[in-house]
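Two complexes are shown next, each including chain A; its partner changes from chain B in the first to chain C in the second.
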Partner chain A sequence: MMMQRTTLLLPMAIEATMLAQQQRGMATLKTISMRLKSVKNIQKITQSMKMVSAAKYARAERDLKAARPYGIGAQQFFEKTEIVPDEKAEPKKLFIAVTSDRGLCGAVHTGVARLIRGEMATEHANTKIFCVGDKSRAILARLYGKNILMVANEIGRLPPTFLDASKIAHEVLNTGYEYTEGKIVYNKFRSVVSYQCSTLPIYGGPTVEKSEKLATYDSLDSDVIKSYLEFSLASLIFYTMKEGACSEQSSRMTAMDNASKNAGEMIDKLTLTFNRTRQAVITRELIEIISGAAALT
Partner chain B sequence: MSFVKNARFLAARGARLAQSRAYSDEMKLTFAAANQTFYDAAVVRQIDVPSFSGAFGILAKHVPTLAVLKPGVVQVVDNDGKTTKYFVSSGSVTVNEDSSVQVLAEEAHNVADIDVAEARQLLSKYQSQLSSAGDDKAKAEAAIAVEVAEALVKAAE
Partner chain C sequence: MTNAWRAAGITYIQYSNIAARVLREALRTELRTDAAKRNASHVKFTPWANGRPAPRQAQSES
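Up next, the complex of A and B:
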């Protein structure tokens, strides 16, 4: 959207400056005032976007606080059983990139995509990516378009719900790609000004069944393990989506705050140039009048 | 001399062992749902959960296990004997070696918050949906909804 607008505006701007050079004084004033107006409008937009994301952030943080024990609980089993992927079998990896459809929020999405790109650079033949949110697809499609398994979009307009997460988990399991191990890549929220790109491990059913520590667990059959893993995948995706949404809103808030500040600086500079040019025009007109009058007498 | 020393050492070690075992006698429960967190690593006495392999109670030092929750009532007994009942729709139970228990539900509510009349309405709605369902998938979905609604009514009563 932004790109389109700049390419559209560029020839117009060049034309305007050419016109300005022809007519001098007055027209330059006009272009400056036009720019001033547009920058002011942009500042208004960024300011209101900041307000909106501040409100959304407050809600996302509240939701995250409630979801954190849930997410930590869902991770416990994987941490305590210390599952190691079977080295003999061919590894089939899966990355779930948790981003959203919306941009203008700093490096939130690029961070996730960069981590995956780094891992893919070493080994990408047996690796697939599941993109949650259009942004990760846009970044990863150029290099690893063939590895993208599926894309879930319409993420980020509304706060993520468990239903969204279970739909995604359902699709992950229904694609027919039987991953042995994988990672959920997401942004872990720390504070309003900081988040960290992190990963959570996920494992396929056979990998879990072969785990040594699983012997200590009582009365398990593969059905129970399968249902358990399906549910825990949905829980983990739900939790990471909550973390991601909170990081995104906080990051957008900072990004928009900075944009408003930059626009403010630009407005100050432009106002100064505008006033100076206006003064120059007045002075020149005065000189023209005076010297004209002096020539007559 | 060395024998006495050894004995003393052993006694100290025994005491320490007993202490550490006393510590793991506590059961730490994390009971959370997507909509709300009820217990976050809180120490409780007993938990009764409904699972697909049958309902069972969990006390401290329960053998590690995994289970899948069935729609029904989870009952938590606090250390001071107070019992609280929660309705859960589905989810998972994890009992770990260190006596920590995670009950994760898709959705959970305090049983006292359930409106019986509304639950009955839901049940009849889904029952009619089940009878009018066309294909197998819709039928299965309606059957699950009926199962949840039945458990809901039962819990509310």
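Up next, the complex of A and C:
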């Protein structure tokens, strides 16, 4: 059945393309109106996608405000203890790429992937990548597929929750890869029209324990540090996911706005050519009628 | 001194998540529906090895 269909369709398709090629010089009214219709439909789609992401963006920004203290608090610890990675020991690096599954949002995901690619270009023997979101996986798998440790997907459909983040943190700690230092790569939200691809440092337990400034904090033993690092990783991932989600929605909003604008321009141009061709057809027909009448008399 | 959650063989994140879930379930009905949304998670994980998705050895509960 399927085969019959394709064999029937193939000559028709070839015929259609030949017809289109013949008419390229002077497009007919019908083809123009068909294109006009399809562009109008695309514009409708991009416009409604913009509306949707605008609503999602408003929510993501509200959520981000609430999530910021988690990130700031967790970062403070690493700043105050002034951890320096142990130079003598062999470094085992980990990159956590915070993106999402969904596209059509400008260069949000590419920015994250590019930053990691830049860092990997110099040295990538002892480095692993944890991909959060399918998009970073799709970009990084081509060049550094062997370095990918794990991929988390189904992200971006709904706003990220703390449970999502803690599941990811749990998997990061449970992969069996004992990283000494790591970086969370994410998009930091700045305003509706701008975001900045940035990194947050994370460290493994032994590296933290060796830090000299750790005495700033009272009554720390390795058990407390272990528990704290688990929690801080979860909160950092939660915070970066929120930042990423907010940047993504704002970026999608701009991208869809631009797409609708471009579609609008295209519609204007197509309407113009459509009207012009219509006029030309009418004029030609009139000339034919008049000259025919003149020939009779 | 070992913590209770270490003794039970779970990490602090799991421990605090369980605590959070119990707290959410203990809320009043009108607040609980809203809080239940924060209890959901849809993330899926695929381990990778040698540039290919690898089968998971053991599914871990969070």
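The criterion applied here is as follows: the second predicted complex is superposed on the first by the 269 of 297 C-alpha atoms of A that agree within 3 Å, B and C clash if a C-alpha of one lies under 4 Å from a C-alpha of the other, contacts with A are read in each partner's own complex, and residues count from 1 in each chain.
Quick note on the criterion: a contact is a pair of C-beta atoms (placed from the backbone, for glycine too) under 8 Å apart; a residue touches a chain by one contact, two chains touch by 3 or more.
Just so you know, these numbers come straight off a predicted model, no measurement behind them.
Chemist: Which of the two partners, first being chain B and second being chain C, lies in contact with A:I155: first, second, both, or neither?
Modeler: After superposition on chain A, A:I155 lies in contact with chain C alone.
Chemist: What is the contact status of A:T216 with respect to chain B (first) and chain C (second): first, second, both, or neither?
Modeler: first
Chemist: Tell me which of chain B and chain C touches more residues of chain A.
Modeler: Touching more of chain A: C.
Chemist: Have a look at where A:V84 lands relative to chain B and chain C in the superposition and call it first, second, both or neither.
Modeler: A:V84 contacts neither chain B nor chain C.
Chemist: Looking at the overlay, does A:I289 come into contact with chain B only (first), chain C only (second), both, or neither?
Modeler: In the superposition, A:I289 touches no partner, neither chain B nor chain C.
Chemist: Who does A:A121 touch here: chain B (first), chain C (second), both, or neither?
Modeler: Touch status of A:A121: no partner.
Chemist: Touch test for A:Y70: chain B only (first), chain C only (second), both, or neither?
Modeler: Only chain B is touched by A:Y70; chain C is not.
Chemist: So in the superposed three-chain picture, is A:D164 touching just chain B, just chain C, both, or none of them (first/second/both/neither)?
Modeler: Second partner only, chain C.
Chemist: Thinking of the overlay built on chain A, is A:F231 touched by chain B (first), by chain C (second), by both, or by neither?
Modeler: both
Chemist: Shared contact residues on chain A for chain B and chain C?
Modeler: Overlap of chain B and chain C footprints on chain A: residues 161-162, 166, 227-228, 231.
Chemist: Name, in rising order, each residue of chain A that touches chain C in their complex.
Modeler: Result: residues 141, 145-146, 148-155, 157-158, 161-164, 166-171, 173-175, 221, 223, 226-228, 230-231, 233-234 of chain A touch chain C.
Chemist: State the interface residues of chain B toward chain A in the complex, per the touch definition above.
Modeler: Against chain A, the touching part of chain B is residues 30, 32-37, 40-41, 52-53, 63-68, 90-92, 94, 96-98, 100, 102-104, 106-107.
Chemist: State the interface residues of chain A toward chain B in the complex, per the touch definition above.
Modeler: Those residues of chain A that touch chain B are 66-70, 72-74, 76-77, 80, 161-162, 166, 216-220, 224-225, 227-228, 231-232, 235, 238.
Chemist: Taking the complex as given, what residues does chain C use to touch chain A?
Modeler: Within the complex, chain C touches chain A at residues 1-3, 5-6, 11-14, 16-17, 20, 37-48, 50-53, 60, 62.
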